[in-house]
Amino acid sequence: MEITNYVVLAAVLFAIGATTVLLRRNAIVVFMGVELMLNATNLAFVTFARLHGDLTGQVLAFFVMVVAAAEVVVGLAIIVTIFRTRRSASVDDVNLLKG
Amino acid sequence: MTTFVPPEIDWLALAPLIVVLGAGVVGILVEAFVPARARRTTQIVLALAALAGGLAFVAVLWPQIVAQPVQVVGGSVTLTPFALAAQGIVAVLAFLGVLVVADRTSTGQDAFAPTASAVPGTSYEDLARRAGLVQTEIYPLLLFATGGMMLFASTDDLVVMFIALEVLSLPLYVLCATARRRRLLSQEAAAKYFLLGAFASALFIFGVALIYGFAGTVRLLQIAQQVQGGMLPLEGMSVLLVAGVLLVTVGLLFKVGAVPFHAWTPDVYTGAPTPITGFMAACTKAAAVVALVQVLYRTSIGVQAVDPQILRQLQVVIVVVAIATMVVGAVVGSVQSDVKRLLAYSSIAHAGFLLVGIAGFNAQVQASTLFYLLAYGLSTVGAFAVVTLVRERRVASGSRSGEDNGPVADDGVVLGEATEIAQWAGLGRKAPWLTAAFGIFLLSMAGIPLTAGFVAKFGAFSGAVTGGLWWLAVLGVLASIVTVAFYLRLLVVMVFRRADDETVPEQVPDAEDLDASETAGASGGTAPAALATAQVTAAQRVVVTVARSRGPAAVAVAVCAVATVILGVFPSPVLDLVEQASKFVP
Amino acid sequence: MFPWLTVLIAWPLVGAAVVGLSALVRRRTGPAGGGTGLARPLALVFSLVEVGLLVGAFLAFDTGAADEHQLGTTASWIPQIGTSYAVAVDGVGLLLVALSVVLVPLVLLAAWREQGHDEVRLRRFVALVLLLEAFMVAVFSARDVFLFYVLFEAMLIPAYFLIGGFGQGPGRRRAAVKFLMFSLGGGLIMLAAVIALYFLAVSNGVDPSRAFLVDELVAVDLGTTAERLMFVGFFIAFAIKAPMVPVHSWLPDVAGNATPGTSTLLICVLDKVGTFGMLTLCLPLFPEASRWAAPFVIALAVISVLYGAVMAIMQTDLLRLVGWTSVSHFGFIILGIFTFTPLGTAGSSFMMLNHGLATGALFLVAGFLVSRHPERSQKIAAYSGLRSTTPVLAGTFLVAGLATLSLPGLATFASEIMVLIGAFGGEPAGSAAWTLAAVPGVVLAAVYVLLTYQKIFTGAPAAGLETLPDLRVRERVVAAPLVAGLLVLGFVPSLALTYVNAPAEQSVAAVTAVDVPADAAAQMGSDK
Amino acid sequence: MNDVIGLAPWLIGFPLIGAAVLLLGGRATDRWGHWLGVLASGAAAVVGFILLFRMIGTPAEERAVDHSLGTWLSAGGLDVDLGLRLDPLSMTFVVLVTFVGTLIHIYSVAYMDHDVDRRRFFAYLNLFVAAMLTLVLADSYLLLFVGWEGVGVASYLLIGFWDTGRPTARENAVAAKKAFVMNRVGDMGLIAAMAILFATVGSVGFADVLPAAGGLSEGTATAVGLCLLLAACGKSAQFPLQAWLGDAMAGPTPVSALIHAATMVTAGVYLMVRSGPILEAAPTAQLVVVVVGAVTLLFGAVVGTAKDDIKKALAASTMSQIGYMMLAAGLGPAGYAFAIFHLLTHGFFKAGLFLGAGAVMHAMGDQTDMRRFGGLSRFLPITWITMGLGWLAILGIPPFSGYWSKDGIIEAAFIPVDGQPWRAWVFGTVAVVGAAITAFYMTRLFFMTFGGRRPRWTENQHPHEGSPLMWWPLVFLGVGSAGLGLVLGIGGTFTTWLEPVVGHAEHHEPVLPVPVIIGATLVLVLLGAALAFRMYAVQLVPEEAPRGSFLTRAARRDLYQDAANETLVVLPAHGIARLVQVGDRDVVDRGWGVLPLAVSWFGAMFRKVQTGYVRSYAAGMAGGVLVIALVAWLVVRLGAGLGGAQ
């Protein structure tokens, strides 16, 4: 398999994640989109690690995962608080602030 | 038989970071072990001490670093004078920010919800309030954020930068959600900030991945050396580099708050607790801009060797963004009716002016950038500090207080901040000194001579001119005319117009004194307007009053004001320092 | 030698500070609002001492070398930016400094009762006036472009508060904002030019730490295009200040809404920065560009002369009218400057002083008149037949008016005739024609002055105005020095001319030394 | 001469000091102020005569003396001294101004007796005398201009002297303003002339300009000449700037006598004669001068025939007589002497006539309508006789003074200029016809006032002579009207007296033999007088003016001069002004107002983008990335520069 395939796959995944962020209403799902983007990144890292034949990329992938986990913690906390206040997790409902 | 070789670590170089972040960790322990009543004091002292300590270490390190920049743990922390100066600025601004945060004002309440997790308006929340709970976790969070910013500004390793980015962002997301009043707005701000922030950092890290793919390393200087060394890991794949640099830049521009990645700024600045807004606006921008400058210039070194075209593309990107940012910030700011929002847009405009300077792509702009960040930061922290003190007070309509512009008698319930510009009418009479200070901040932001803002703006624009972009400087000038207009509007209201306290400001639900906000929560954004009208019944009216600071905030305001003027009249010493600092390649 | 100018700048600052602190004293003597407090007397004393210092400066000034900048101080200010605190004056600068210093005490005296008994307002008012004085003195003696710019802008802030905070008119806030926006707009455009100037200077090998000193910059060859662009940048700012049609719109509003005292400082002194800047910055720094633009500038100047005069005739508001007359006079000044003749330039320099005296007198006397009206009406139609009830007021007004229409025997005549006679022989294309076109201005001047006098002071006294008090002693003290000055300088113009002749010769020489590229005339049409 | 020259400045000094004291002294000087005024003027007169006699004593070629009091204005090549030029021309004026002026001062003491503001009046009179003397003594156009404007202001102040507290107050004020403004229109000419002279000759001093006049190109000379003529027209109420003089009669009668008859209005003639060399270098300008003079001469005369207001009639006559002088001044050296001579004699008899008119008004309770006079000779004998002398003088009946001067002008008018007989015929005829009309209206005036058996007075009028203070001046002026011409005219004494200044006029032959001219003139004059006598002395004068022919009505309304000015100048000017005003408000001011509006409009637009929806923000970011990438790519691809990045 060509390396480009991997890269392209990563790119595609990333694009899907981004699209999710742009299109889906539910905050959780939106957040999933972000996670998907991060994982796409991981794929890219690992691929390039193989390409360059050093482990840095793989290590970086772990870093990204950790960060992602941290994001989940904070993110879900916020989303949940909002859900409890508003009985809704739709990102389109939170728009008191505009203009 | 392999022997363990301990890594060479220049601990002194890391000292500022260690102090601040360590203090954060200690703060967590404090939460665990210190009795509740002593907690707040301890945290405040700890935080201030940590920041002061960090600053002290910066001072200690200064001569050494200026003489010889160091790379600690192989470049994960690259301590150049530029980075060190950034750390110093962040520490100073954070210190002032914490002062504002710590102030409970005459009302005896700080700006934070007793328990941010409680649903607004629930009995649980009332309980928490009556129990007098205070959320002292904010101080460790502030310290982590600050530490993150300092690291953000002083690394060469893109992944470390990414981590630093998260370390500074995540606490801010949380802090945004903790406002004592107008919690719906607060939470909304947090949500927006978080989602967009996460999105941005995803873009950033993907860019990092691409760069890694191109160069096999994520250390910009290393890339530069390799490329200059003529060894290109991937021939013809420079598209990876371009895309990567572009995405990384986008991630940074998001933090800087540059158009079109600015959309979060006004909402978050408005929703977040005002002291946090001040802290965020000043420090984050400082860290982000410094990081941006480093990334841009370090890549520019390498990229030039690969293909000069790419560098020009990079410059075009910055120029385009700069123009868009200035225009949007200035133009939209001029139609705002809310002080916090107005300051938010002004911060966008300033991001634009900063970018104008950066776009010149000539090394000497670093100095002016640092100065700009300091000047802007001071006036911003100060301005938001003033905002925290201008409050609404609900009084029985019988009461005479608040009329004829006189100071308001201490009756009635002090509500949240009065952020409607119209409400600031006659402030000049109620609180001359506060108004004077605020006026100084506005003039500085407007770049009127004899204030720090002018020297800063002068530096930024001359950066562009020196870089050959004189027309960009002219655009900047025109934009700043527009910004002057809206600062002026605010000034006119405060100084010249008489207060008409009879007007009831259109306001959003205020969890503090709202039983009905449950329904508000239920029905989202529609109810609040109705609530706002329901809130103030015929028997009551809202007057605008100035809460007396318990000291810290006042100190912060005073320091900012004085510093702004001094930096405007005798900037030489500081300029000397930043000149020394203009070196970010070890 | 003794740093006269620095002292002249510092003293009012001290005064402003002291006045500000006088608040503390008042608290002990009495409750706020009660009594009039120390502010005014203090301020008056400070301004009078300043006049004394001015006399010293005049004695120290060597008139033999009036074209050299004297009494100065030069010290490094912000070496990183390359600007220094460099103050010094040639004859023209000295006269304008004198104008500011002399007018301030008169304005304070004239405004003695204006702010009522509100102690706080009073204190702020006089403090601002002293602050403004310091800035005005400084800006007229700045020899460093950056310093000049800084003061040029900083000056606006006290002026802005004086208009918006203490004005009489209902539209004062709007007027203040309008004033500030126009001035700042021009100023910021100038800022771009200032930066470019510095950049070019440095790249032309000027020592970066001195690259803002005018004396250094005059030597620099900027290159035609850059020079012209920068000239435009500077000129726009100065034209707005001057004010020149079509960027004059802020002036009548200010004149109509500010207190007469403020208008006096603003229009009679502060606006001179515009013409002063053209004379001492545009010409020497951008000689070629000045000559290139001269035909266009002259045309605008003459248009301003007629435009301002016509608008003055059409006014119904006394103070606005006075404001418009200034538009007309500034036109004359600019005409004299940009025709590059020693006579015309000297006339313009002289006129800057005279216009200050004459228009100042007119503003203040008009203020006295308005202050007598039961409703403080500024409408000309509200007055009639006052000559019989207030003869001295009428006489003073008439003298000030005659000075405004530059009657021989009064200083204004000497300067105006110098400008006209000089400009006619000017070197730029069309000087003669445009000068002749400006001559009808003298007729229009006669119309607006005498028409106003006729409406206000002649005929049957208007109802309710039969028993107005005549000028009080305080008011006579205010008017006397101005009238005296106009008469003395009218009979002995050489008193002032000894200060302006040499600088005029010099600046004209500087401009006419360079020669305009052939394409100049061609570009004229297109570029502007 | 030089031993007394030091006195010359006091000619101006005395009245100036007088004015200053009276103006600044305020009410304190009310009691004796008028006497101070008289004293100041008298002292000037004494000085004037001393200088005059000393000048007569010196040989002709040494009579012109320049006396400088030091530099006045010196800048950029323009050097103007406070310099006085004493020569026969200026001395003539000095004497006329100071002597007649003093007489009128004295007269005014009585005439203004009941006026509360008498002090102010004398202050202004002194101011006028000072300014007028500056005008005639100045040795440069610039200094002359100072006096020129000075008399303008004095005249403004005096015309508008009664500008409050009277029913006609506002009219008086308007008249004063009208006079000043129309004078200013003329002054533009003087300013322009000075500008041109400085640009060409490099000086505005007589000593430099006049000798250099010959060297000027004809175009320049013509331009200067016409500019000077414009100035002269303004000051001397010559066509087309004549309209102000009639209204100027709003001032107190002594003012009319001194300023608007004897001295100020003749300043234009002085200017022309003084600038003779320039005019001679510009024949075209000369012709225009003559034409203006001729037109005004007839214009004034015609208007004079129809006026019933005694002062207005005299004003018209003044205008017409100055027309004679102007005509003469345009004839070159041949005319100059007679222009000045007529100016001198006219100064005396016209002042006399005005003061007489004043006396009549004084006696009749400020009545000025001649149809309300009649048969006054019995009640006001002195006035009657003195005015009679003036009447004969202005008619030009030998040997009264008017004859000598006016006849000289008429003869000069008949002399062909550089071989163009048509000009001689045209202007000669005009002059003669003018003389005839003059005879008619002056006779009319004289008999309407004094003649007729049946008085047409309003009720309870008790006319009587005023105090000696009033009639002694009349006597002096009457004597002057009678004898002055004879004294100076016999053997051309006056002509030779002026020769050092205006140069010698070589003798030319008129197109008609001189006796014929004189005869014809006299016949026509007598005819005119007889006609008037028949109409206004023999027949009864109706108390209400008959409607009269079209010409009469036109003449009553000054041949519609005001209507003409209104339609030709004022209305268009006002229209333009309105246009400018609207333009300033709706174009310039609004134009600037558009900027903020535009900004806030865009602000509102962009604001809509800030929807508050997270997803749209994210979309904005994503889109932003693409757009920016695209732009960057395009810019580089199209190779568009940014203006030299590093």
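Going by the order they are written in, the chains are A, B, C and D; count residues from 1 in each one.
One rule holds in what follows: a residue touches a chain if its C-beta (ideal position, glycine included) is under 8 Å from a C-beta of that chain, and two chains touch if they have at least 3 such contacts.
Keep in mind it's a predicted model, so treat the numbers as computed, not measured.
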Query raised in the report: Counting only C-alpha atoms to place each centre, which chain is farthest from subunit B?
Result: D
Query - A-B against B-D, pair bridged by the larger set of C-beta contacts - result: A-B
**Report entry** Centre-most chain [mean C-alpha coordinates]
**Finding:** C
**Report entry** Gap in Å, rounded to a whole number, between the CA centres of subunit C and subunit A
**Finding:** 65
Query raised in the report: How many Å are there between the centre of subunit A and the centre of subunit B, using C-alpha atoms for each centre?
Result: 25
Report summary line: Distance between the CA centroids of subunit B and subunit D (whole Å) is 78
Query raised in the report: For subunit C and subunit D, what's the span in angstrom between their mean Cα positions?
Result: 37
Report task. Quick one: which residues in subunit C touch 2 or more of the other chains? Result -> none
Query - Two or more partner chains touched - positions in subunit A - result: 18, 21, 30, 91, 94-99
Query raised in the report: Which residues belonging to subunit B are in contact with no fewer than two other chains?
Result: 191-192, 195, 199, 203, 266-267, 470, 485
Query raised in the report: For this entry, which pairs of chains touch?
Result: A-B, A-D, B-C, B-D, C-D
Requested in this report: Would you pull the subunit A residues touching subunit B in the complex into a rising list?
Outcome: 7, 10, 14, 17-18, 21, 27, 30-31, 34, 37-38, 40-41, 44-45, 47-48, 51-52, 54, 56-57, 60, 63-64, 67, 70-71, 74-75, 77-79, 81-82, 84-88, 91, 93-99
Report task. State the interface residues of subunit B toward subunit A in the complex, per the touch definition above. Result -> 116-117, 119-120, 159, 162-163, 166, 170, 173-174, 177, 183-185, 187-192, 194-195, 198-199, 201-203, 205-206, 208-210, 212-213, 216-218, 233, 266-267, 270-271, 336, 341, 508, 521-522, 524-525, 528
**Report entry** subunit B residues touching subunit D - in the complex, by the definition given at the top
**Finding:** 191-192, 195-196, 199-200, 203, 246-247, 250, 254, 259-261, 263-264, 266-267, 309, 311-317, 319-321, 328, 330-335, 360-362, 467-472, 482, 485
Query raised in the report: What does subunit D use to touch subunit A in their complex?
Result: 607, 610-615, 618-619, 622
Query raised in the report: For subunit D, which residues are in contact with subunit C within the complex?
Result: 23, 71-78, 142, 145-150, 153, 156, 160, 163-165, 169-170, 172-174, 176-177, 180-181, 184-185, 187-188, 191-192, 194-196, 198-199, 204, 576-578, 580-581, 584, 588-589, 591-592
